[in-house]
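Common to both upcoming complexes is chain A, partnered first by chain B, then by chain C.
Moving on, here comes the complex of A and B:
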C-alpha cells in the first residue's frame, strides 16, 4: 500500500477532481454543522434568512412559520414556511439541490444570503445524517403548487429529484415557500440556540411576524413595525477596490466600446473627467497622425488594453480622487429602530445607539450600527453581533466585532471589564454591507479588515461616552441623594444646635433646612428614583437628546446624496 | 433597477451557477489572503506544505529553497523549489490551474495538504492582484524538464496555459518542482510572518533542510535529523463515524457482492463476527425457504439494502463493540523529537513533552502531542500550534488548541495567567490526523470537536504537572539554599554561644555545623546552582525520567497492535 506511491507517475493516478458537494460533505463544519445543537440552528437560519430575503425583495411584510419537532431520538423535522413570492418551477431543483448556485453572488446588494450554498448545504446535511430527502412546496400565487422531494447527487453536485407533483387550485392564492428537512440534531434553549437566534432576529427585523413551534410549545414574536425598511439598491463596483485580475476579466467581458466608457459605465462614481484623468495618468497613449505627437488614448477598445496598461491603470486609479460609493445601497436598521428594539426586548434603564456614516473596504460600501444598553432587566454582559440583520451566534473569537469591542478601553467609560464591559451591559453591533466578508461559509464571524474594526470601535466609543456620562450623572446623583438624606436625618439636631446658638425657634429652622435641601437636590433625587438623571455639566446635550439627534442626522443622510458624506467617515 | 425584482419570475432570471474559482476570488480571505503580510505567508506555506508532502511520500529527505524578493513596491516574486519526485506533465496544468483538484482529498492519510485548493489558490491570488501568470518548472528526474506559465480561467475553474516548453538534457537528473509566483504582498518579520512560519517548520520537521533568501539576506535552517519519520499509512474509514448519507453512497459504489463482505472490506477493523452481529442487530432478514422462518440475511446484495435497512444498520453499528482504528496510520513527531526540537530552538531551562495515545473523532483517528518549555532563553509566553506538522499562525481565537489551553487551570500548576500561562513559557501542541477539521479553507485553526479539546487538555495537564513539580522542587531548593546560607553565616556566632554554654572549643563546633549543613543541604544547593533539582517527595518519579517513560511507552504502542490501546485514551 505504501510502496506504490513513491514516484511522480504513481502519484499522478491519485489526482482527481473534487465536487463542491463532496468537499462540504467532508467539511460540513465549514457550513455550520459541527455538532447537533448547532446543526439545528444552522438549518433554521438558512431557511429563515432566505425567507426574509425573498419577502423583502418582493416588498411583502414577512410572516414566517418555523417548526422544530423531534420525531425520533436526535432526529428532527424542521419546517420553515414563508409568504414570499415563491420560486418558479424550473429553479426549485437547482436552488435546493446544487451548491454554489444562487442569485445573490454575482451582484452587489445588501442581503442575508450571498454565496448560494446556504439552503442546499442544509439539504446536504439532512441527507448525510438521515439519508432523507428534503421536501419543498412552492407557489407563486397563480393557483399552482409545486411539490418536490429531492436530494443532492454529491459526486456531480446536481439535484436528484425523488418525487415531484403539481396541484392546481385556482381558489388558493397562497404564495411562498415551505421547506421540510429531516435531519439529525439536538434541541436546546441556551445562548447559542434556535431560540436565541429567533429572539435576535426579532430585534433586528421588527417588521417580521414569526411563529415558532418548539418541541416545548409555541412562541410568537409579533410584528413590532408595520413598515418594511427601505429597499437596498444594487450597485456597481467602486474603482477603489479594483485589482488587476478583476479588471482584466471585466475588460474582457464588457460591452463598452472604449476604455473611457468602460470606466464610466461599469463602475460607480466615475465621471467622464475622472475616467480621462485615469487614462492620462496611466500613460495609455496613441500617436496623433496629424501632429506626430503621443496623446492619451481615451477611445482604445477595452479588448486591446494589454497587461502593462492594466497594471498602469490600477496604479493610476490610486492617484485619482473619486467620490465614495453611494450610501443608499445600504439598508441599516437606523439608530432609532435599534433603540426601540433594545428597549422592547431588553427593558434596560439606559440605551445609547448610533449609526456611523458609510465607509468602504475593498471598494465595497459598509455601515456600522452600535447600541449599548445598560441596567434595568439586563443582568449579564452580552455581546450581540449582526451582519445584514442576521444574528451571529458562533465563532465570536475571531470576529471583527469582538476584536473592536476588545479594543475599547471600557474602564475609561466607568465600566469594569477588560475585553468586554462587565456588569449589566448589552453591546449590540450591526454590520451592513453589499458584501459581508465572513470568515467561513457558515457565516458566523466577520473577517478582520482594519477599516471595519476601526469603524466599529469609533461607534462603540461614542455610545460608551454617552453611557459614561449617564453613569457619572447617576453616581453624582447617588452621592447627592445620600447627602440630602443625611441633611434631612440631622435637620432636627442641626436646628436644635442653631436654636441654642441664635436663640431662634428650632421648628422654623428645621423646616427651612428641609425646604432648602429639597429645593437644591429634590429634583435630582426624584430623577434617580425613577425619572431622568441630572445632566452632567461638562457634557452639553443630555444623552437621550444626543441619541435622537444621531438617528435623525442619519435619517437625513439616507435621503440626500452620498457625495455630501465624502468626508463624514474620515 | 428595483422594480424588476418583485416577482418569482423576475427573481428566477438572476439565478446562476458560481464557479469555485469565482467563489474564492471574491472570498479570498477564506484561503488566507486577508491582507498583504498574510498573503505572502500563505503563498509560501502552500508551496512548502506541498514540497514537504511530496518529498515525504517519495521518501526523500527534503531540501527546500525559498526566495521572497520585492520587485516593485508591495509586489513580490516568491520562489519555492524542492527535490521531490516532480509532477508528470499532464497533471501540471490541473494541479496548479484548477481549484478542488488533488490527490489527498479522496483518501484517509495524514498529510499537510488535503483539500486540493492550496497551491491553485495561490495562483488565483497572484493573478488577481498582479494579473501575472505563475511559472512552474518540474522534472521527474528523466532528463526532461517541463516549464509552464499558467493562469486560472475563473469562470470555469480550468487552467489557462499561457506558455509551455520542454527541455531535454539527459545529463541533468534533477527532480522536483519549482514554482514562481508574482503577487502583491508585504514582507515583515514579526510573530505571524513567513520567517516565523519557517522557524516553526524547522521545529516540527527537523529532517528538512531549508534555505530561505529573504529580502534582507539568506537564512539557513540546517537539517537536524538525518532520518524521515515513519511513513503514515492510508486507512479505510472506521464504522464509528459512519452516517446514513455516506453509507448509502458506499453501498451504491462498492464492488462487494454481499453486505457482510461490504462491511469487512470497505471499513477498517470490522471482522466477520462483528459484521454478522451488525446485520443481525439491524434486523435485516430473509425467509428460509425450507423452515419458513426469518433469518439474518448476511448475503444480501449491497445494492438491495433499502433506506430503512440503512438507518437500522447505522443504529446497529452504535451497539457493536469495534476495535479502534489502527495507530500506525498516524505519524506523530514523538515526545522525544519534540523535546529535542524545543531544546534546540528555544534553549529552555526545563521542558516536558508527551504524546497521547490515538483517539477517534467522527471515525477518524487523531493523536495529540504537547510540550511545555520553561525559562532559559524563553522570555515571553507563546503558544505554538501545529496540525500535521504545519505551524498555525492565525485564527488562534477559535482553535481547539487555544480553547484547550484556556481550559487548563494554570494557577493549580504554580503558573500565573488565566487563559494562557504567564511568564517565560512556550506551550507547543501538535495535532496529527488522517483528516484535520480546519475551521476554514485557509487551514489556520482546528474545529472545536469536544473529544479533540479533551485530549489536548489532558496532555497539557500532564505536562503542566511535571512543570509544577519541577517548579516546586526549584522553590523548595531555593528556600533550603537560603536556610543553608543563614546557618553558614551565623555558624561562628552559634559556635561562640555553644562554647560559652558547653565549654567546648568554638572552632570544632563551627566546623561541625558547616559540615552538617553541607551534608544535609549541599546536594540540593549544588543542583539549583546548575544541576538537577531535588525530587519532591510527594511525586515519585523525577520529571526528566517521567518524560522519557512517556516517550518510550508511546514508542512501543506505535509498533504494537492498536487493539491493546482500546482503553488507553479513555
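Moving on, here comes the complex of A and C:
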C-alpha cells in the first residue's frame, strides 16, 4: 500500500470543493429530477409541500394556486402561490438560494419536508436546464411586497440576487409566497403525474383549497373541511429508536455536560433513575479513587463516550423499561377528514375510514389511517399511499403499505383480486410519524417494519369489513327489490285468471294484489334481512321421485333405447 | 250442461273465489294441495294399491318460490273453466300453448315448456278431487289393443279383432261415458311392454290362438291404457298377465299397472289392477328355458342402484320378488324380450307364453 491514509475530515473538505451543480447532476435520480415528467412533478411538489407546511404552521386554512404552462416545447412556467404567513425579507435569498438550508432538517416533528432537497433544488434545476432565474414574491401582510429574482451561485452554494424590488401598497393585505420557475419538463396526466399528485394532496389535505391551471385548463379542488388538523408538537427522540450513528451525532452536538443529563435532557421519557440504570447496564464505569473499586460513571462527559461504550449503551437501552413516547406529536387527519377527502375528490358510492391508535416502531411514534372508497365515480382499483399527508407516487413495490395491502385476503370481504382488490376501489393509506422510515433517499417507499405492516393491515381489515357489510347490504337490498318485482310481475296474469274464475274485473283484482304486496312488505323485508329461510313449499319432490312414470305426456317411449334407463320423463 | 260438468266447474270456480276472498281480506292467498310424492303415499295392504296420504302443501302468493306456480295454477284452472264453457276437449299440449305467453315487460313466458303445465293439471285434479277427463283435457294416445273385443266410441262400433297390423289405439279418455266395451270371448289379457313384441304377437294372431286380448302401453303405459286394463279386468273378470323385459324398469312398469303410481296415487282405484300377475321375463327364465347367456346384458350401475331401491318398496316385498331381484343382482345381468328370439322367432308365442301361463309360472 502506498500513499497516505486519508481521514474523513479531509474527505469532507474535498467534498465541499465539488461544485454543487456536479453534485446535483450526479444525484438527480435521488433528488426527484430523473426525467422531465418527474422533474415537473418535483418542482410542483416542493412548492406545494412548502405552501402547505407554512400555512398549517401559521394556522391558516390553505388557499393554493398552481399553474403549469408550456411556454416552449418542453419548457414550462410553474407558478405556486399560497396564503401563508410569508417569509421575512432577509430569509428569502437563503431559503431559495442555497441548497440544504431550512428549519426542518433536524427537527423531530411530523412535517412534510422530508422529501427532495427542498425548494432550492427546484431553483437549481430550473437554472441548470433553462438558465432562468426564479421569481419569488412574498409579503407578510404588512402592505410591503418583496420581489426577488434569484439564482444560486453554484461555486459557493450561495444565493445570487438578480433583481430585487419592494412595493408598498397598504390596501393590499395579501400575505404568502408566490414562486415562479422556468424549467424544462414534460406535462402528462397519467398515474404518476402532477395531476394525480394534486388530486391526492386534495384528498389528504381536505382543508386546503386548491386551484390548478393545467396546460389543458383549470381544475379546482374545493375545500371540504373548515378546520385544520391539530398542530403537531415537536418532540425529542425516544431511546427505543436510537441507533449508534444517531447517538454518536447527538453525543457530539449536545450541550449536556454529563452522560446522565445527556440522556434525561435529549430524549423523551427518560428520568434520572432510568438514565442511571442504562449507564449501569452499559458497564460504563470509572475507578473510585478512594475505594479503588470500579463504579458506574454517571458523569462522564458525552464527548468522552467512545465507540464501544456507545454500542454498549444502545444494547443497555433494550434492557430498560421506558414509558412509550408521547403521541401528541402526531397529527393524524382523523377518520372524518379522510372520509371527506375521499368523498369530495372521488365521489364514491361508499367510503369506510379509520384512524388506528398510535403505535411505536423503533421508538418513534406513528399512526396509521386508512380509507377504502368504493363505486360511484371510481372506475379502476387504485392504491394511494401517503406519508405525513404527502402522496407517494413512486416505488410502490418496496413500500410497507403495498405489502400490507397485499397481505389482506380481499376475497374474504367480497372483493375479487389477489394483492389488491379488483373493481372500483380506492385504497387510501396514510402513515403519520415524526420520522418516516423511508427505504431510500428518494423517499418514496416506507420501510417494511413488521409493526407498521401489522397496523396498516389491521386498519385495512377493519375498513374492508365495513365495505363488505355495505356490499352485502346492497346485495340484500337488491334481493328485496327483485322479490318485489317477482310479486308484481305475476300480478297481471294472476288477476286475469281470477277474472275468468270469479267474474270480478281484472283491474281491481290486480290492485288488490299490489296492495297485498305493499301491506305485507314490512314482514317480507324483515324476513329477508333476518336471513330467515323461505318456507319451502312442501311439495318439492324427495329424491325418490326420480321414479319416473307416466311417460305418456311427452310421448317418450321405452322402446328402442334398450339397456339404458328407459323410464320416461314425466 | 251435464250435472257432473257443472259440479266440476263449480269446484274450479270455488278455487278462484277462495283466492279472491283472501285477497279482499289482504291475506296472503294460499292454495292447499295434497303432496304427490313418496313422502305422502302409503300402501293400502287390504286393497293392495298405492294411496295418497293426507299431507298438504301450501302454495302461497307471497313466497318467491311459489309465486310463479301460484299464477300458473290459477291460469290452468281458468283455462279449464273456459273450455268446459265452450264444450270442447283439448289436449294437454293445446292447453300449454293456449296459456303460453310473454309476461308484459319481461322476457319471461307464463309457461316455458309443457313440463311446467302438465304437473299443474295433476295438482288441480288432486286438489279438486276430479279427473283430467272431467276438466276436458286429454293426452295423446299411446297404447294399442288387439283381440276379441268390440268397443263403442262416439256412436261407432269398433272390432278390435279386425284392426289389421296396427290394432286399436286406446284413447286418452276411456271412461264409460265415452267408451263402452263388449267382450267377444277373450279369456285373459296380456300386457306387453314393448310395441315390437306386441306387433310380433299380433302378426302371429296370438290373441286368436290363445283367445286373449293383447295390449301394449309402449313403455310405461299411459292413463288410458291403465284404465282400460282396469276396466277389462273388473267388467269381464279377465285375468291380467304382464310381460316385460327382465330388468328393474320392466318390473316397475308391472308394479304401476298392478298397484298404481306414486305421482297419480290419487287415481289408483281407477288405474291400478291389483290382481295382475307377472308372466315374464325373469332372470330365472334363462336357466328354465335354456336361453344362452350371450343374449343377456350386463347390469350397469343404475340398474344395480334401482334394484336395491325397489327391493325396499312394500309392494316388492313378496318373497318371490325379493328372490327374483336378488337373483338378478347375483347373476349380474338383465335381458330383453327380444332375447327369446334366439330360441326361434315363434318361441315366445308358441312355447314361452303358453307354457308359463298354463303352468301358472307367474310372479305375484
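Here is the rule we use: the second predicted complex is superposed on the first by the 366 of 570 C-alpha atoms of A that agree within 3 Å, B and C clash if a C-alpha of one lies under 4 Å from a C-alpha of the other, contacts with A are read in each partner's own complex, and residues count from 1 in each chain.
The criterion applied here is as follows: a contact is a pair of C-beta atoms (placed from the backbone, for glycine too) under 8 Å apart; a residue touches a chain by one contact, two chains touch by 3 or more.
Note that the coordinates shown come from a computational prediction; the quantities given were computed from them, not determined experimentally.
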*chain C versus chain B, contacts on chain A by residue*: B
_On the A-aligned overlay, A:513 touches which partner chain: chain B = first, chain C = second, or both, or neither?_
second
*In the superposed arrangement, which partner chain does A:489 touch: chain B (first), chain C (second), both, or neither?*
second
*Would you sort A:206 into first (chain B), second (chain C), both or neither based on which partner it touches?*
neither
*With the two structures laid over each other on chain A, which partner does A:498 touch: chain B (first), chain C (second), both, or neither?*
second
*Return first, second, both or neither, reflecting whether A:131 touches chain B, chain C, both chains, or no partner chain.*
first
*Give every residue of chain C touching chain A within the complex, in rising order.*
12-13, 15-17, 19-20, 23-24, 26-29, 33, 35-39, 55-59, 61-71, 74-75, 77-79, 81-82, 92, 103-106, 108, 110, 114-115, 118-119, 139-140, 142, 172, 193-196, 218-224, 249, 252-253, 256, 261-264, 297, 300, 302, 309, 336
*Where on chain A does chain C make contact in their complex?*
483, 486-487, 489-490, 492-494, 496-502, 504, 509, 512-513, 515-517, 519-520, 524, 534-539, 541-542, 544-545, 547-559, 562-563, 565-570
*Can you list the residues on chain B that touch chain A in the complex?*
1-2, 5-9, 11-12, 14-20, 22-23, 25-27, 29-30, 34, 54, 57-59, 85-88, 90-91, 94-95, 98, 100-103, 105-107, 115-116, 127-132, 140, 154, 175, 184, 231, 233-234, 243-249, 307, 310-311, 395, 397-398, 402, 435, 437-441, 445, 447-450
